[in-house]
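Read through the structure below, which is laid out as structure tokens, and then see the notes.
We just call them A, B, C and D in the order they show up, numbering each chain from 1.
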Amino acid sequence: MELTHEQAKRWLLNFHQKVTDNKAYLSELDQAIGDGDHGSNMARGTEAVKDKLGSVTEDSLEAVLKQAAMALISKVGGASGPLYGSAFMAMAKTAKETSELSTLIEAGLDGIKHRGKADVGDKTMIDMWQPVTSALHEDDLTEVTIDQALEDVKPLKAKKGRASYVGERSMGALDPGAVSSGYLFTALIEEVLA
Amino acid sequence: MELTHEQAKRWLLNFHQKVTDNKAYLSELDQAIGDGDHGSNMARGTEAVKDKLGSVTEDSLEAVLKQAAMALISKVGGASGPLYGSAFMAMAKTAKETSELSTLIEAGLDGIKHRGKADVGDKTMIDMWQPVTSALHEDDLTEVTIDQALEDVKPLKAKKGRASYVGERSMGALDPGAVSSGYLFTALIEEVLA
Amino acid sequence: MKKIINEPHAVVDELLEGMLLAHSDFLTGITDTRVVIEKEKRATVGLVSGGGSGHEPAHAGFVGDGMLRAAVLGEMFTSPTPDQIFEAIKASDTGHGVLLIVKNYTGDVMNFDMAKEMAEMEDIAVESVLVDDDIAVEDSTYTAGKRGVAGTVLVHKILGHYAREGKTLTELKELGERLTAHIDTLGVALTGATVPEVGKPGFTLAENEMEYGVGIHGEPGYRRSELKQSRAIANELVTKLMETKTDTKKIGLLVNGLGATPLQELYVFYRDVVHELKNYDVEIVFQKIGDFMTSIDMAGLSLTVIDLDSDTYQAALTSPVDVLNW
Amino acid sequence: MKKIINEPHAVVDELLEGMLLAHSDFLTGITDTRVVIEKEKRATVGLVSGGGSGHEPAHAGFVGDGMLRAAVLGEMFTSPTPDQIFEAIKASDTGHGVLLIVKNYTGDVMNFDMAKEMAEMEDIAVESVLVDDDIAVEDSTYTAGKRGVAGTVLVHKILGHYAREGKTLTELKELGERLTAHIDTLGVALTGATVPEVGKPGFTLAENEMEYGVGIHGEPGYRRSELKQSRAIANELVTKLMETKTDTKKIGLLVNGLGATPLQELYVFYRDVVHELKNYDVEIVFQKIGDFMTSIDMAGLSLTVIDLDSDTYQAALTSPVDVLNW
């Protein structure tokens, strides 16, 4: 399935809405195993994405994704900024060649892996992006995929990022980055796949 | 009445005992209108007086009073150190000429006034030394004099020392220096006048 | 939360404004980005450091002749963004390249990396040195690795000295990599730190409790314990820090307050550290006591030990600098 | 009480020991008395200051070339004794006499006076300058007069400069007396200070309360209020401090942390002070921001304004010194 630039815009605006609505919850999750700023970081970032989208005049998927990437890179900071930023930058680059959704998301996943040097099972946002990518390849992305990913991330012990410092204590907790990425993909389902 | 060097020693040891027993109380009084250290200051000082007295070999009133002065000057610090120190230094100087008790105490009072530039009614130890001196001149120093002096010091508003910073709030409170000086004179009554 | 601030979200901008207002004789900012930079630049490699705010005087207090060329200020306890760092790099380059000094935190590492990539696309030579001195964290594949804490300031000082001496970017990178292996730090906290926008401490300790090994953003340490006396804390920190320094003969010490610790406590603790070190066959040839890398208003301190068997480090540590807080 | 110390009664001796262990390159102590003194003495008038401990870095952090020759440490918040001060005077005299810089507290004044008398008996020329910069206290016959607080550090610096320049004892005393009239300070506290041996704060403020005009030993201020924003505090302090400076055209500022105040707050506050001063026809030609005269672990700060219409003061404030904490 192909992603259009209009869809991408709606997707990102929906993402912004979800992050804004759940800002406190995301920070709370981060407070438990990190430093409690994931909600503020992502709210600041998606707000900037929303602002930038207004000024995208080109009718191009690449332009939309690139502006989102730039907004995230320049406004978030912390760990999630460069990770989300690299994901969208990788998607923007890929959009030069194709607008096939699963290929784009996979490029995003690779961007995250490349930037953060983490892998599946490290209890990061990758544990959301990976199952979502697989599901997209099989044309089967639904809320179930996302819920299952969140269930699966809980028991893991964090090995990357700030949560790795709490070690054992991270087991049983949700990963804030996986949750915010879950919002991203729920927004995708609602705006693009529904 | 004449003060002997043995009496002076007993007097000072008794004073040390009273201060030690009431260390916490003196600090408490100071906490209310000053900085809460009068008990520690005087305990440290009279302890040093006690130590020094052991090493006074000369049978001379001047020597006893001078050693007490030196101990107080070198161990107390704060406001009460130089004041008590000056009082005993003035008494020691006077003891070269006379050992008449009321003359000695008056010299001490003058030493305090000279050092601290305060006067009767400023709510300081002077408000104990002054009535005690008058009573001694009339050969009439008793516990009543001391109790009355403490009663009289209460309503005063402090105009000198740290207590002057609390202004109105000092009214109704006892002055810690007047109370410790009260111990000095109760000790005098017990050891010399009784 | 008791703080002398205005709106909590404005603290970073306002402290930056205060700094620039106060020190415009030799420091300036870059418009629209939170960067503090020297006004006069020598024709040498420029050292750029930074990180989340809340560690004052780090890093802006170390900008000036002989230390950093520029400092990049992130949000409170949050790594700065690549574009901020990129601006600092551009403004710091005099054609001799720029060396980034980065504390080992996932966010810092990635944001500085991205900035480096941006700079390379504009043909600016950039290298980076990663500081990971906090031995409270095990350096294993199961963690993000040892954190970068107060020892970073010694890296600023030593590499700043060499940069001023005219060393090349490649030389500085190599020197830096060797240097960081010689620096170890351990911290203790008596209270948590309060990020203004959060409004409550990141963690709480009971009235008679302390925590060993806490990171400079309040990352969990390795043990909570009842509040110990200074000499017991000195014993524990020195023992752990000297474990790997069995062959070391000369060391330097940095006793660093975490923001709300009175200087008197730092000196009492320094005394105990010196006494503790009598059990080792080492000579203390350098020491620094004060607030260098704080954690907002945390009560506590950290102790850094640097191996100074190399005489050159010692000379580099003691050369004069023209910065605010060294 | 959460402090990194050993036995509470030993804090002063141990912090002193720590200081002397750390800075033996240029500082030394006098055996059996708590005095910190320069190792190398110029043949000039020696400046001696001191007071109760708990104000670190004051005063020992200002001993060195260009500022103080010696600092005398009393018990915590308690004036040192005359014999301690006398030892400092003897050791500081190089035949050019000694100038005492005394903060206006009854205890300090009397103990320094007695020391002066002792020194005079040994034919050492001694003069003293009394600093009373705290305008929170009314200067009337009904009080012990204005207290000496953070502005004292500016007196150390300016007179230290002149002493190094070779001014005589008489000249320095005159200069000092004129100078102190140009320095005003006001402090605010968010918390009380805890003397280690007492174990609890000298006063307590509610979670949302502050106090204007507190002294550096927690002496009561002139008003309690709900916790205000930095700009409101700046407005109140600047208004009061500038009241008497209607003809002043050039000023210097000292923003002083009281011991537990993060540097970030001092900079936010400095920013607000500068904005506030735009309402006055004055130019800020000097500023200093940090911890100079603390009150153990009190949270809060003080603002000092010095009238710098005389160009010589300004030069004296900015000349280089070789001390720990200027």
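Please note the rule applied: a residue touches a chain if its C-beta (ideal position, glycine included) is under 8 Å from a C-beta of that chain, and two chains touch if they have at least 3 such contacts.
The structure presented is a predicted model; accordingly, all values stated were derived computationally and were not measured.
Engineer: Work out which chains are contact partners of both chain A and chain C.
Structural biologist: Shared contacts of chain A and chain C: no chain.
Engineer: Distance-wise, how many Å sit between the C-alpha centres of chain B and chain C, to the nearest whole number?
Structural biologist: Inter-chain centre distance comes to 55 Å.
Engineer: How many Å are there between the centre of chain A and the centre of chain B, using C-alpha atoms for each centre?
Structural biologist: 77
Engineer: Can you work out the whole-Å distance between the CA centroids of chain B and chain D?
Structural biologist: 31
Engineer: Provide the C-alpha centroid distance between chain C and chain D, rounded to the nearest whole angstrom.
Structural biologist: Whole-Å distance between the two chain centres: 29.
Engineer: Please list all residues of chain C that touch 2 or more other chains.
Structural biologist: Chain C, residues with two or more chain partners: not present.
Engineer: So which bits of chain B are touching at least two other chains?
Structural biologist: none
Engineer: Does the chain-touch network form a line, ring, star, complete graph or other?
Structural biologist: Line.
Engineer: Go ahead and list every pair of chains that touch.
Structural biologist: Pairwise, the chains that meet the contact rule are A-C, B-D, C-D.
Engineer: Any idea which chain B residues touch chain D in the complex?
Structural biologist: Per the touch definition, chain B meets chain D at residues 31, 35-37, 40-41, 73-83, 85-86, 115-116, 157, 159-162, 164-167, 169.
Engineer: Once bound in the complex, which stretches of chain C touch chain D?
Structural biologist: 2-7, 11, 14-19, 21-22, 53-54, 56-57, 61, 188, 190-191, 207, 210, 227, 229-231, 233, 259-272, 274, 287, 289-291, 294, 296-297, 299-301, 325
Engineer: Flag every residue of chain D that touches chain B in the complex, lowest number first.
Structural biologist: Where chain D meets chain B, its residues are 52, 74-75, 77-84, 105-107, 110-111, 113-114, 137, 141-144, 147, 195, 197-198, 202, 215, 217-220.
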